[in-house]
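I'd like to ask some things about the structure below.
First chain written, first letter: the chains are A, B, C and D, and each begins at residue 1.
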Amino acid sequence: MLIVMQPNANEEKINKVIDFIKQKGFDAHVSKGENHTVIGAVGRKIIDKRDIELLDGVKEVIRISSPYKLVSRVFKNEDTIIEVKGVKFGGGNIGMIAGPCTIENYEQMEETAKRLKESGVKILRGGAFKPRTSPYAFQGLGEEGLKIIRKVADKYDMAVTSEVMEVSQIPLFEKYVDILQIGARNMQNFNLLKSLGEIRKPVLLKRGLSATIDELLMSAEYILAGGNREVILCERGIRTFEHITRNTLDLSAIPVVQKISHLPIIVDPSHSTGLRDKVSPMSKAAIAAGADGLIIEVHNNPDTALCDGAQSLRNEEYSQLHTELKEIAKVLHKNLN
Amino acid sequence: MLIVMQPNANEEKINKVIDFIKQKGFDAHVSKGENHTVIGAVGRKIIDKRDIELLDGVKEVIRISSPYKLVSRVFKNEDTIIEVKGVKFGGGNIGMIAGPCTIENYEQMEETAKRLKESGVKILRGGAFKPRTSPYAFQGLGEEGLKIIRKVADKYDMAVTSEVMEVSQIPLFEKYVDILQIGARNMQNFNLLKSLGEIRKPVLLKRGLSATIDELLMSAEYILAGGNREVILCERGIRTFEHITRNTLDLSAIPVVQKISHLPIIVDPSHSTGLRDKVSPMSKAAIAAGADGLIIEVHNNPDTALCDGAQSLRNEEYSQLHTELKEIAKVLHKNLN
Amino acid sequence: MLIVMQPNANEEKINKVIDFIKQKGFDAHVSKGENHTVIGAVGRKIIDKRDIELLDGVKEVIRISSPYKLVSRVFKNEDTIIEVKGVKFGGGNIGMIAGPCTIENYEQMEETAKRLKESGVKILRGGAFKPRTSPYAFQGLGEEGLKIIRKVADKYDMAVTSEVMEVSQIPLFEKYVDILQIGARNMQNFNLLKSLGEIRKPVLLKRGLSATIDELLMSAEYILAGGNREVILCERGIRTFEHITRNTLDLSAIPVVQKISHLPIIVDPSHSTGLRDKVSPMSKAAIAAGADGLIIEVHNNPDTALCDGAQSLRNEEYSQLHTELKEIAKVLHKNLN
Amino acid sequence: MLIVMQPNANEEKINKVIDFIKQKGFDAHVSKGENHTVIGAVGRKIIDKRDIELLDGVKEVIRISSPYKLVSRVFKNEDTIIEVKGVKFGGGNIGMIAGPCTIENYEQMEETAKRLKESGVKILRGGAFKPRTSPYAFQGLGEEGLKIIRKVADKYDMAVTSEVMEVSQIPLFEKYVDILQIGARNMQNFNLLKSLGEIRKPVLLKRGLSATIDELLMSAEYILAGGNREVILCERGIRTFEHITRNTLDLSAIPVVQKISHLPIIVDPSHSTGLRDKVSPMSKAAIAAGADGLIIEVHNNPDTALCDGAQSLRNEEYSQLHTELKEIAKVLHKNLN
């Protein structure tokens, strides 16, 4: 931590700051510049930097050690590759996940899964418990939904991912699901993150609507700190003043995360744009930007979907997109699976 | 719901839209303007408006019925007044809540509570379970903390509010706490909201960091829909590009909410600014803008606070602020208690 | 314009609204729904919709005619293709613009231009008048800079684009420059936009830091309304709470603009990310998302650049990127030139 | 400037950085911490910190000298008080400015001014050149408007403020106007700022829609650096995702600016909220937060206003608000004039 003093801070003020940080368990290294004296506080203690900023004569306090450890490339330099049903995420591999927003019934899942499998998709998505803004909207089929998606996935030899919303639901998800998804609204549900640190299945962690990249990585840190090293990060759009798209997809998060962290990062082009005709261009853009995978909403009949049909691709649209994505992956010398 | 057609939409396209909405259970009222044909879809069904927007020839779909019902002044016009330990929120009454960010030990709580009581505060705040961005930061004393705050509050005949983070913690909070607080990160933890709808204690619901006012009201609707009519809303700053303050306190949310909803709305000037010397000016501003109360962090010795000491007022600072707030309340002909 | 009345608005209130809009020169079409009466105001007058919203009993006023006309696909459906020095923007063509942030001296421009020409670039960029946040920063070479870039461009048979900051500079730019660039900070400098409507050279209009897509299109409308139909739009990142990248590049603006407007839209990956190692991934992503071109900062020796060297590609980096972009364009069946 | 090296940066990398900054004209002070070596770069040169961040082994570069000088309290500690027609802004004085959004005709200005004068207002506002998002909207009366407002102000012995949009308009404004207003969209029109540095009339500088407080101060720095020391800053709302209010009024900017800068800061509650019924609460809040003044839109007949009538107070509403503001000012021991 570096403490920059005001240009006019006298010896007395400087000494008070030094005393303060020593008392908090830090060593102090003083260096005097032309305008500012800078005090380096060296130590491993955790301290709220604002406590120092409020001392007399202090201009600014700068934290220099990263808040995250296990997720960072300083801790582990090589890419983490997460493999589910032979599909790899990370390390030059692009993993594809597709399926409807919500599990509605067996026929819907069966028909969608069949077509996705033909396109080459091996991981099926579908919501059983739905986070809905309105208490009056359809809230999902619950365990019944999980049973359906598991049954369909088994029929086509696919893996399953679905969103878990509550600590008490985890045992249910461990039973039916291969990748546990954390939605944007739960990215900082710390109790849930801690509990997911204790299981041994991969977690797909979505970035919150107004979360910084640093905060996304800190939430992943919670899971890794608990002992579960398999986290797939997911960019799904952030909230800005632009209102034509539902959210603003921040694709630069891909190269930013890949520089800082060894964890794979995938993109959800469906929820971020909220509009079907924007899904294909943004999927291609995500792959071109270096994404380690995609999670895309596909519905066998979007017009009758109970939820988010407007952002779901039709089966044939997905099939064509999958082919184009493979070509772009080839240009980048990457393996789309 | 109003469906505005493109200027060049022909009869065939218009008829297709009419058929679509009828099939979804709506009546259709067509009116032709100079440039646009507008179709009114009348009915009580819930439909994703984007499903219609994707139909050929549709320019825009506009929802005209409010998504919230029980929280709105259309449902209940007179102000909801929530009373705890004789302190009233709403209907011209300003309720004050104060206390440290985190419960650290008995002495800290005892000393703070004593001084707050002298200033006239009757509701004590303090965190027992703390949502922390880093898994390595202090996470609170847990039930032990709740026991301490309850004991201290009882000694000074005060009420208690503290943040609940998880469905499974609710019974514990019902035992020790008078007002259950929902933090910004849990504003859309819908399972938690549903469970709070089933209890019979007031809930203090904080606005999420990137939540719109509409979404805050929808989250309150979850609680009211469950049967609990006692919700106090809380503006605590939203996330913007400005970085000097921790968040941007949106005080215009006060008159906006008060026009739409009958629920009281209070302000947290401590978390929003994150800086002690900004707490007093923003507290006065909140009262002047018409807030129904404040929740302020106060610590008997902020320099040693385990959490957020930098934004906590000292006891004597709070005491002076309380006096000034009373004077501003008087100018507005309101009762500060 | 549609005026939605409150559920409880009586005949008297409805009639007052009708009188008000008739008096403002509109026809009124009333239609009664289950909950709401809706009044359609038909006419060509311009009115501030909030004036109606303040009338008693009015719930909401919705504008249904688009604010822009000439830029929209309703006015002109086929893509506008803008051609400069044989380079086409729009209609399946991808135009490339490259060069340093700032014109520093002849040698710098000469060396950079030579290498760019070898890569296939035919339009050279370089700033002569620089908008700088600080009055103490280097403000550009002015006319001397324009002379240098013109001379170098002529030597290599290239076209020139540079940023104009002021109405009084336009004649100078008409003399030296082929495409006049409007920076993000001037997107709503309406006097400048009007003046650019009167010239007959293409204008490259950058999106403002906090401009919505609608506002970008309205600013283009100013230029088209003045008679200049050659506007190239440019997405260059918007301001959000994320701070690792300088701005958040909103690539979904590409398909959004292309659906609404016939004008070409290109992307600036250099200013938006502000970091050299993010420029290549975001360039590829932009092309994959369907961009009609790119404007990229390239410097022969970024370490000595007077401005924004940190986000400038080296000559050899650009050369490699150009090759990769051609491959991605081929996958999309588009022509990169 | 502080350069923080990566934990694993070896001597060679450290020496390369030292060589680099010395070559750029800085002295280097090295200090080694437990994890990080920190290099202090001391000197007065201007350098883009990202140039250093791109060097091998560098973790982060931190600028410690403030970018602004003349506007800061380090340069001048006592409050700048700006006086116009006996009305003072700053130093415990609250200055009031009021009038219509747009100058429409003599009668409108005359009637409004008369009533405002009765309330105690001595500075009249009114737009002659209007920045409008649409090229088809009313653009103001131009010089004719300035003549009208001057004539009316002289009749009632009032001062005048109006918005200047272009360098070429400055002589006109010097003739008719006492305070030159810079609108939010021109906050970073650097040519205009430079030209205003050369005149000797006070400038009212509005914060841009997405400008940080640092940027607002840097724009003021441009004017002060040019020699004009009379700048009144104005908070007028920033752009966020919240859409019920037109912008989000950032009242915490008041105490933030007042701590950093000696310049007075006032608030525009009319443009920020965009809704008449929110103007009074936000005006009171601004004064309570410590604002040095207000600029409020008032119209003698808002229903017929050519522009922004919906956010304009009626004469009698303003009169009542003025009285209430005086009472709040009294509580704060400040002088409202």
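Here, a contact is a pair of C-beta atoms (placed from the backbone, for glycine too) under 8 Å apart; a residue touches a chain by one contact, two chains touch by 3 or more.
All of these numbers come straight from a predicted model, not from anything done at the bench.
Visitor: Report which of C-D and B-C is connected by more C-beta pairs in contact.
Guide: When B-C is set beside C-D, the one with more contacts is C-D.
Visitor: How many angstrom between the C-alpha centroids of chain D and chain C?
Guide: For chain C versus chain D, the centre distance works out to 26 Å.
Visitor: Using mean C-alpha positions as chain centres, tell me how far chain B is from chain C in Å, no decimals.
Guide: Each chain reduced to its C-alpha mean, chain B and chain C end up 38 Å apart.
Visitor: Counting only residues that touch at least 2 other chains, which ones in chain B make the list?
Guide: Answer for chain B, listing residues that touch two or more other chains: 210, 239-241, 243, 277.
Visitor: With chains as vertices and touches as edges, which is it: line, ring, star, complete or other?
Guide: Contact map by chain: complete.
Visitor: What residues on chain D touch chain B, complex-wise?
Guide: Touching chain B from chain D are residues 210, 212-214, 238, 240-245, 248-256, 259, 272-273, 277-278, 281-282, 284-290, 324, 327-328, 331-332.
Visitor: Note which residues of chain C are touching chain B in the complex, please.
Guide: 2, 4, 6-8, 29, 31, 33-36, 38, 40, 42-44, 59-60, 62, 64-65, 74, 239-241, 243
Visitor: Residues of chain B touching chain A in their complex?
Guide: 46, 48, 50-51, 53-54, 67, 131-138, 165-168, 185-186, 188-191, 193-194, 208-210, 215, 218, 221-222, 225-226, 239, 274-277, 302-303, 305, 307-311
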